[in-house]
Structures are given as structure tokens and as C-alpha cells.
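Chain nomenclature is as follows: A, B, C, D, E and F, assigned in order of appearance, with residue numbering initiated at 1 for each chain independently.
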Amino acid sequence: MDIDTAADATTNGASHFTLDADTFRKIHPAEYNRRFISQGVRADGRPLQRFRKANVNVGSITTANGSSMVRLGNTTVICGIKAEVTEPTPEAPRAGFLVPNLDLPALCSPQFRPGPPGELAQTISEYINQICTSTNLLNLDDLCIASGQAVWVLHADILCLNYEGNALDAALAALIAALWNVRLPKSTYDELEGTVRAAATNTIPLVLNRLPLAATFGVFDAQHLIADPTDQEEPLLSSQLAIVVDQEDNLCGILKEGSAMDRERMVECIGLARNRAQALRRLIDEALAKADAS
Amino acid sequence: MADRKRVVGPEKSVLPLVESGPQQPFNPDRRKDGRSGDRIRPLFLKTGIIKQADGSAYIETGRLKVACGVYGPRQSARNKLPTQGTLNCDFKFSAFSSAKRRAYAKDNHERECSLIVYQALAPAVRLDLIPKSTVDVYIQILESDGNAACLAAAITCAAMALADAGIEMTDAVAASSAGYIGGNVVLDPDGDEETLQNGSLMVSYMPSLNEVTHMMQIGEVTTNLTVKGMEACVDACSQIRTVMQQALAASLADGNS
Amino acid sequence: MSPTAMQDDDHPQLVLPGDRILYDPSSQKIKIGPGLQQEDTLLIGTKLGVLHKAAGNRWWIDSNQRRYIPATNENILGIVTHRISEGYRVDIGAAQPATLDQFAFEGATKRNKPNLEVGTLVYAKVTVANKDMEPEIECLNQSTKKADGYGEIKGGHLFRVSLAMARSLLDPSSPLLKLLSQSFPFEIAVGMNGRIWINAAQTIQVITAANILQKADGKPVDKVEKLIRAELKQMKERMDVT
Amino acid sequence: MVRETEPIANNERAFVKNVILEGLRVDNRSAHDVRTVKINFGSQWGHSEVQLGKTRVAATVSCEMVRPSPAQPTEGIIQFSTEFSPMASPSIESGRLSEEEVLISRLLEKALKRSRAIDTEGLCIVAGEKVWAVRVDIRVLDHNGNVLDCACIAAVAALQHFRRPDVTVVGEEVTIHSLDERSPIPLSIFHIPICVTFAFFSNGERQVVDPSLLEEQIQEGDMTFVINIHRELCTLSKAGGIPIEGSQILHCANIAAIKAAEITELIKAANMESQTRKEKKKESKRE
Amino acid sequence: MRPDKRNTNDIRVTHTALGQLHRADGSGRYQFGDSSVLCGIYGPAAIGLRDEKLDRAVIEVSFSAAHGKSTTRERLHERLLRSTFETAILSALHPRTGIRITCQTLCDDGAVLATSINATMLALMDAGIPLRSVITAVSCMVDKEGEVFLDPTALELKEAQSTHTFAFDNVSGGVVSCESTGVFTEEEYESCYDICKQGSDAIERFLRHALQKKLEKQSGLDFGKS
Amino acid sequence: MASLIVTPGERIAHAADYEASSGTYERDEYVYASVVGEKRELPPPAGGMRPLIQVHRKKETSAIPEIHSIVTGKVVRVKPREATVSILVVGNVPVRESFQGIIRLQDVRATERDKVQMYKSFRPGDIVRLASFAEMEIEGTWG
């Protein structure tokens, strides 16, 4: 590394400079990671194509109709779903609404500033929304209370508590787990008052048509494929690829960005994504089972 | 405008009317969770839950769940005081944290809470030691159960997070709340109890310096009762302080291992 | 796949970004200009345009770029936007404003230096052009230490054309300028940054000249000749009226 | 965020002023020439793209079925939204409203909405239940002066070109017919308001119509007439600038009326032309 | 047989135009049938100190739909456009500057993302922004029967089980950007990949031809056969 | 060990017996802890009477550049009269979030200051080491 001589004069012979690992990582992040990855491991010790340990639990937020907390390594998101009553549109008098939104608040990482959602949060929210609608995740007509009068709107708010990369995988998993955990009160529409009355205890679960889950990959230096990139790795990637798979191994979405990738590599990733999605699905199953038991 | 930055749903939606079962009468000595009037809910505290932050803490008491992250000292914008650091507190309810869904935009209540947290903490934080820099305190309410209790928990949580961040403080501020229900002082009331109270009190306190940094009482209450309330809250703060100390010590312990 | 073509001299060649161009590496050292990059025995196009090869094995691509990228020793027309301690900030149509040092004028001294107000038009030469630095310009010819035409330009009219157009007008054998000068005398200053200044005896002449040059922009000369004659004719008529 | 402003040299300012004083204009127009107007229609209904010299504006008309406002249960809704695309000029920031943007969209709203140019009752489907909401999106693509007049032409052209799908109502049930199913229905337009803008120079003694960007940047003041072929003045706006004598305003009004008539004809012609093209296309499809 | 008499692997009639905007440093228009997008470029231009990157030009994209308020859908389009052209633009040649790309949908009849990518490619070439390669994009859809249709119209998309947009780079031949939504099998995806690859190659040839015509007209030169 | 762990506000000694050092503060004849950490006693400083008492932070906190500290950073912008540096490391400790600093022409070299040319000394992307000066402090910049 070049220490500028002209500048060095200003330190007028002050304590000499030692380049330890942390300093090196801070000054030359790309080079730092390159040295690991070229050895077939990552800065956090993972093999290139190993996903981080995931952890799911559901139902901890009692003010929400359904909730979940998902951890991918240290990336932590909470999803809370609140069901409220609203008017349907004239075009679709029986259809309810599912409104997923990811929030990456300033709380969860120094790279985010306070204020309205930035590009990353907006685009992930939008992509998750597209997955929900284009795969018809749930029949919106199931959310009908009284045709043309009242339907449920499910506000699914996904909040990131600690951001260490790969928000999409975590957010989608959290959404699916939370939706699965949702209980809607049995409700009746009162013609005269135009109000909806909900039962206090008698609740029904949602029917999910499929369980799409995402697996994100990155390519480092246009050659090394790594799975589940961290926030340290994300800015250094030459390209990114997210693959969404459901329980029957159907593909439910692919989002590829960055420098060119050939067909073989994409196919390779689809295989890896299937295994990841399966593993996540198992974790969600267990979490739901645990919740029902208690 | 903010809507353009989110996936938009229907413009307005309401909660359904829920037929609730019969309310059992309130008993100050045996509350519905079995507490007596002078007891706070059991308290769970943990630091370092937000790895990205310089300091962080999580607090859970009853249904109440609060997370707080501290960033800083950061370089301030040029225009700030040169001799003193800046403390910036931001208090936000998660959309799903309350019975009625919360809006994304900060409402006045949240603004007020942000200010109160600042007022409660600022006296303890040694801003004179960090000139030209800012400490950002972000508080996220995950689940709320009782307004005063929620605010008190937020302050305690923020104090923990500041300590975890290694920001120098003259004392670790603890906060507690009480409600006045039919001539009784009821510590740490939850949401249901708040509906019964005719007044409430929230106290932020520096236990070892024995100084109150912030106090807010609402409602029509006799002076004697207020004094009783004060004493109860101050005691509660001291109890909370011991839990804080344990949690902070614990954070160092597993820091070693 | 982007085509790889041997460049043949009789046909001008269209180049798209990424196109590979073979050349004879055995021949003398190659000099590459705008729109080209070198990769061992290959030239790679980076811009859309026409491939040119000139004496001294100089290769470049003529694109119809409109944004000016400063290059040293190019003459440009700039507009003073700020007065700063060391001189002036000058807009030259590039990404960054240029600095014009207060002493970079003929015979400028601490006591006697020009006093330009904001909005002044200057004809200057680029002295520092580097992607890592803000450009710097001068209003004197370093070799002669004389103004040699550089400096403040008063009166007349300023207008903008494409960079290619500006370049073509700098060619002394420019047919466009010939055509114009046949019908009336005029002064012209051409900036490589696509800015042209013109002055003539009568306003209508300036207007006509400016409009002709702007209309001719991006068209082959033989195609615009009719247009030009029409414009000039119209001008004559209107001059007779007044 | 890319944001630049091209400065104007003092030479330019001086020149423009002299030129106009001499009764000429920098772009070789005479004082009361409007720049060439080019009107193009998209292949879909209600898409127009208009050039006024080098200024370019696109307008798109769309509609959807909505609940009417309780105040006017039998009236459809018309919305105008004007946006300067960041491509229109280097000084525009995306997502942020410039003052000019606000002024222009307000004036267009006045010109087209307040003057009740479009019949809103005609947009009612089921009284109090369902009406058409027509939305006009106006996007400024290339800002070379007098955006307002250009935007106005684009908007009215698109509105004339627009067709909404036909509907059949049986009680509460409404069925919307696709465009191939049943031939769609044009909006009923009462009259066509046209904007004509003047810029004032040399202490307001000289005025030019349809100012170019350079003229706008140097003008002492401006005034916009919104007027239709029946010589009905819908809106007159003189936002600040140099004071003008009443007589001069009348003089301008007369010029405006003539210009408005000319422009209206252009729009009509363009519309005709595109209809016939559409017909031809239909036939070719049938074969 | 498709409503407009095309074969499943035909793209619609395409139109291109360059340099129609006078203020912008470069502009391009691209049309797939009735879908039409106009793109304008400014730069390399001055940029706010906060945004500048010391080693490269910052690329800003703003995309706007044919009608309606801007939503998160446009943001996702912007992100994809930006990442697509961040790989194509040699941004290291213009550090601490900004390149602003603005796409305006003029008419939406499906495949708007692909149309925008092609329009942007044209605009960047018109602006003389230095580029690594030519990137061309095209969309396709798979219907309920699993049949693949190249470059679908809005009408056809109503029947789509899944839709895919691919952008390929003509130097490496690989896929730069891909957005797939809906439910589809791996086999379907691979056939989409292949049909779109062919489509985008065809578009690249078409662009080359169109640009040659334009430059010949402009310069009065004759390039012979390309 | 745990007994030695103290938290902010804890009274750790009499001011009469100890001199308050880092991580502590003195307040009416007592010394209190102002951070979480381990209580430590140190021998009196040269010329000092009382031994020092400090609270040693165990958790690594993000470094802050102070006057006279040696910092390492990346040059982000070079102007004729100054260069802007983004400070990444203070001493040998990386900062969590970088701080902006300014090198002014006259501070580049100790000698022949008038001969210095900014462009010749710095290029964007250079890694430089600097000592932060008081006068820069006044400029309201770090590093």
C-alpha cells in the first residue's frame, strides 16, 4: 500500500504505522476479502457457497394477527401482520389486500439514514409484493367479509433490527412465517350500521397456496460464486442473483443484476437455492409447531 | 409523497368491533396478572442485540417489547456547537406494535416521546467530553402495552444502550411509571389498567446520585397521592437499576468468554 | 457477439461500443484517441461513431458527443460564474468548472490585473485537464506571453453547436464558413467546447450566420447547401426592407 | 444528484435585447411568429406528443372506474398532473417540484378544468356508485422555452384523441367492454382552450409571442392568454413582471385569438390524420 | 397463432431514434410495437459533494411510467436499469462526476423494462458515454399451457403464468440482468433464456443496422456492408 | 472478577484517597464510574500524591480522532489549496464510521511551504497518515 511521502512529513516522525487485519480491512476492503475468497473461505469463515445459520420463531407479537422473527446470521428481521377492515375496489368487490413493506430503519445499520425508505427497502418491498401477486400466494377472495362492502387488508410490516446483508431472503422468510401464523377473527358485516363485528376468540388461519422462499447469491471478481452475502461483501460484488423457490421446487422469481453471468452458473444457483429454500421451510415448520404446542 | 416510497394499500382501513368478554372488577392488591399495586412487571434486559450499532439494548416486561440502538459519537454537521456534543433521540412505534395500526410518518405522540427521552437522558450524558460529535439514539417499540410504561421502558432501554456504547454518563438513568386508580397508586400499569386510571405519573431518576431527571404527571391527583406515587416510582427505579447493573455486568462477562 | 473487423482504409467504418478492431501491431507505435481502448493486438471501441486513422498511426472515433471533456491546449469559450480569491471560476460546459488564475492574462501583475465581472465571455486555452483535477485555463499564449486573441470577448453573439460541428469549423477549409464569408464579412471565435461566438456589421447577419450553423449541425454539407442559400436569400430580402 | 445550470453570457443578454429592439428575434422569427408545432399521436388512444420548436411535451390520458365524491354523485372526475421529466433540463431534480412546475400545472388546471372544457356528467356510470376518473399525465421532455403553451396543446390533443371503453349497466352490475369488443367512446368536449404566451422587453414596449428559452431567461415579464376559437377568454394570467398598459393587453388578446384559432386547426387536422391511419391499420389487420 | 399474427419467437416491429432531445447530452427512443420509451442522458456532469465517488462516475436513473403517480414499481425498474448500465459504462474514466439517465415511458403495451434498457443503450451511445459493450434486452412469457411467447403485448400478458425480461451483453454473450416473476419450472426458464438470447441478438443486429443508416445519412459517408 | 465490574454512576472511591482517571469522574468528595468496565488502581502519576483510579472499558468502542492523534485515511478530493481526507483509522484502531478531515496547502510540509503543489502531493484514493493539528480543530474538521 502506498503511504504518501509528502503527507508522511506532517507526522514528523510520529509512532510508526502497523498494518493489522482490522486496519487493512477498513482501508482495502476489496483486497481484504479477495485474499480470503481466493483461498476458498470468506472473511466470516464460511465456505464460499455456505448460507448463514438461520433461526425462526413466530407469534411473539401479541398486538399483531400474525408475527415472526427471522435471523440469518446476525441479520434480524421481525414481521408483524395486522388485519384491518376496508372497502374493496369496484373492479374486484370480493378481493382483500395484502400489503407487504420492508423497513430498514437507521436503527439497524449505520449505512441507513432516518426518514422514508431508501432504494434498497423500496425495491425489496416491491419485489416481495410482485412475488405475492404473481404467484397468487393467497386467494385474496378469502379475505372477503361482505362482497362489495368490507374485506380484510393485511398490513405486513417487515422491520429489520440488525442489518448484516441479504435483507431479501430474511424478509421473505419472515413474511411467509408470519402469514402462516396469522389468525383472522370470524367476522360479520352489519348492513344497517355498515360496521364489521369480529369474534373475540373464534379465529381462522389463512390458506397459503404456496411457500416461496428466496436464496441470494453474489459473484466476487466476476468468478467466485458466494451464497448469502453479508453487508461487508455486498458492495464488493460484481453481480447478484436472487432465486425464489416454493415447496414443490417451482421457481417463483429470479432477480439478476450486475456483470454478465452464463447459463450454466444460473442453473447451478437454482440447484443451491432449492436446498436453501427447503432448509428454511423446515425451520418455519418447526417454529410453527412449537408455537402451536405452547 | 411518502406513500410513493412504499407498497400502497387501500387509503383507509379500520379495526373491526370486537365483542369483549365481561371485565372482572379491578383489585389494587390482586391485579389480573396477580401483581399487587406496588409491584412492577418482571423485567428482562439484554445489551448488544444490535451488532451493527455501537451500543444497543432490548427490554421486555409483560407484553412490552422495546429495542434501542445507539450510534456514535459520529461527526456532527458543521453548524453544531463546537464545545458540546449533541444527543439525538428518535422514538418510533412499529406499525404492528399497538392495537390500532401505527402510521409510518412520525405522529405528535412519537415526537413528544422522542423529546421526553432526550430530556430524561441528556442530564446524565457527558456531552462536554465529545465536542463536535453526535450520539444518535434510535428507539423502536416492538409491542406496546400502556403508554406511560412504554415510555419508561424506552428510557431505561436507551440508558442501557448508551452504557453499552461506552458513552460516558454521570449515572445510568432508570425510569418507571405509576397510575392513579381510585385513590390507589398502581405501579407499572398495563394498557387495560390505563383505561381505568384517573391520572398517571412517569419518573426518570438517577439512582446513585439520587436526582430526578424528568417527571411527568397527568390527571387530577391530590398532593399526598402524588408524593406516594413519587416514592413508589423512585423505589421502582432503584429496583430496575439493580437489574440494569446485572445485565451490563453480564454483557461484559460474555464479552470475556 | 460483437464483430471483429479488419479496418480497411478505403471504407470508413462504423464502430459500436465493444467492437474489436484488428490492426497491424508490427507497424509503428500506435496512438489512440477518443472512443478507443487498446488490448494487446486489438483496439476496442468504447463509443458509437466513425473510425478514423490518420498519419502517425493515430486512431480515434468521431462521435457526435455534445458534452465537452476538457483536453490540454484546446481553445474554449468560457463564461465567468464566480470571482474567487485566486481568480475566477469559469463555466466551460464540462462536468467541473475551470479555474482561471488572475495572473493568467497578458501583462497581469499584482498591481494591474483584469477585472472581469460575472457573465463575462472569455476565449481561453485549457492548461490543466486531468480526470482527477479541476480544469484550469489561461488567457495568454505561454510561448509568446501575449494575449494572441485570448481574453475577454465583447459584443457579438454566443450560441452552442455539437462538438463535432465546432471541430469542423476549426478546419480552415471549412466549406460552411467559406459559403458564409462569400456573402458578408464576420468575426468568429470557435470553442472546442461547442460554443461559437460571432459578430458582424448588422444584427441580421449575426442571426442568419448563427441559424445557418445551428441548422447545418449534424448534416453533411452538400445536404445543407440549399438551406444555406435560402437563409442568405431571406436575409438579403429583409435587409432591403429595412 | 446531478444538477447544473447553464450560465448566460452578458453578450447573449445584450444581443437578445438589441435584436428585439430592432424588431427581430434571435431565432430569426418575427415578433408574432409561433415556432413550428408538430403533433404526433401514439398508436394507443389518448397518447399525444407535441413539439413547439425544440420544446417537447407528451400527454397521456387514462381512465378508471371509481366511486364518485359524495358532493357530486353524478359527476365524473378529471385530474391533471404535470411533471418536468429530469431529461427536460439539467437543472431539474427528479421527485422535487420546481416553482415553474407548480405554476404551470396550476395554470393548466385553471385553463382546462375550471373552464369546464370537458363534460364531467358524461362520465357518470351509476349515480353515486360508479363514475369514470379521467387522468391526464403531462410530461415535459425537452425544455426550450414556453413549456406552458406546448403542454396545453399536448393535453387538449390527447383529450380529443382519447377513447374510453364502452360499458353496459344492468342495475348495479357494470360490465366494461374491451376495445375490440365494442368501439370505444370519445370524451364530449365543449370547447378547446389554447394557451398563448407573450414575453415583454424594452420596458414592456416590445412583446414577442411564444418566447424561446433564451428569451424567457432575459424577458422583463410575461403574460398568458387562455382562449378558444369562439374568442372566449378562459384565463388571463400575468404573474408579476413589468407593468403593461391596458391597450397593449387588448392588442395581445387579439393576436392570441388568431394564434389560438390557428393552433386549434392544427390539432384538428392532426387528429383527423391519425383517425384515418387507425382505420387503415384496422383494415390491414382484418385482411 | 398470436393476436397480431406473430410467431411465438417473433419480436414486434421495432423503431429507434437518436438525438431527438435538444437540451440533453444524448437521447434515444426505442419501440417494441406500441410500447415506446424515450431516454435522455446528462453527463458526465457536476454532482453534489455528498454523492460523488472518488474513483468513478455515479450513475443516477429515474424511470417514469406512462401514467399515474410514481410507485415502488418504478424504483425497482430504476434499480435494474442502474445495475445494468453500471456494468456497461466505463465509469472509472470520469471520476467524481454524475451520469443521469432518465427514462420516460410514452406508451405501455408490455415489455416496458426491456424497452427502457434498449432506449437507454441508444441514448448512452448518442451521448458518447464510454461503454464496455452493447446491451440489448427483450421479454418473454410462459402461458398456462407452458408455451413460450417472445416480446408479449399487454393483452397477451393477461394470460401469463410467468414473465421474464433478459438483458444480454454482446461481448461476453452472458445475461447481465434478468427479472422473472410468476410460477415456472427450471425447464421453462431455460427455454425462456434461449429464446430471449436469440431475440436480443436479433435486436443487436437491428440496432447496428439502424445506427449505420443514421450515421451514413448524417455524415454522407458509405460504410459498405456491416 | 465480577466484583471489579462497575457501571456508570457507581460510587467507586473517596476523592480523598484516589485521583479520578479515565472512565470516572469526581463529584463532592467521591469518585464515580462513568462507563461500564473493570475498576483499576494505578500508582500515582509523577508529582501526584494520590493513586489513580480508572474504569477500563472492556468492550471496544469506535475510535474518535482527537487533537494530535495520528490518523490514517483516504484522499477523496484534491483542490488547488486543500485536500479532503476520509479518516478510516485513528492510531491503529479503525473507526466504525469515517470522519472527514482537511489537509491545507500550508500543512503539507514543514519546510518550503510555498513550494508545495497540492496536485503533486496528493491524488484521490491515496492512503495518507496525518497528525491532527490544533488549527484544523479550529477549522471545525477532524484529523
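Methods note: a contact is a pair of C-beta atoms (placed from the backbone, for glycine too) under 8 Å apart; a residue touches a chain by one contact, two chains touch by 3 or more.
Here's who's who by UniProt: A = Ribosomal RNA-processing protein 43; C = Ribosomal RNA-processing protein 40; D = Exosome complex component RRP45; E = Exosome component 5; F = Exosome complex component CSL4.
Model, not experiment: these values are computed from the prediction.
> Which chains are shared contacts of subunit C and subunit D?
Touches both subunit C and subunit D: E.
> For the chain pairs E-F and B-F, which is connected through the larger number of C-beta pairs in contact?
B-F
> On a CA-centroid basis, which chain has its centre farthest from subunit A's?
In terms of C-alpha centroids, the chain at the greatest distance from subunit A is C.
> Can you give the whole-Å distance between the Cα centres of subunit D and subunit E?
Spacing between the chain centres: roughly 30 Å.
> Indicate the whole-number Å distance between the mean C-alpha point of subunit C and the mean C-alpha point of subunit F.
One centre to the other, that is 52 Å.
> Taking each chain's centre as its mean C-alpha position, how far apart are subunit A and subunit F in Å?
So the centre of subunit A lies 39 Å away from the centre of subunit F.
> For subunit B, what residues touch not just one other chain but two or more?
Subunit B, residues with two or more chain partners: 5-8, 71.
> Can you list the residues of subunit C that touch 2 or more other chains?
132
> Name the residues of subunit E that each touch 2 or more other chains.
If we look for residues of subunit E contacting two or more partner chains, we find 42-43, 45-46, 69-72, 75, 95-96, 98, 169, 173.
> Chain pairs that touch, all of them, please.
Between chains, contact exists in these pairs: A-B, A-D, A-E, A-F, B-E, B-F, C-D, C-E, C-F, D-E, E-F.
> Could you list, by residue number, the parts of subunit E that touch subunit C in their complex?
Touch residues, subunit E against subunit C: 19, 25-26, 42-46, 88, 90, 93-98, 125-134, 169-171, 173, 207-208, 211-212, 215, 218-224, 226.
> Hey, which residues of subunit D end up touching subunit C in the complex?
Touch list, subunit D to subunit C: 6-15, 18-19, 22, 24-28.
> Spell out the part of subunit E that touches subunit B in their complex, as residue ranges.
69-72, 75
> Okay, in this complex, where on subunit C does subunit F touch?
Result: residues 86, 99, 128, 130, 132-134 of subunit C touch subunit F.
> Flag every residue of subunit A that touches subunit D in the complex, lowest number first.
90-91
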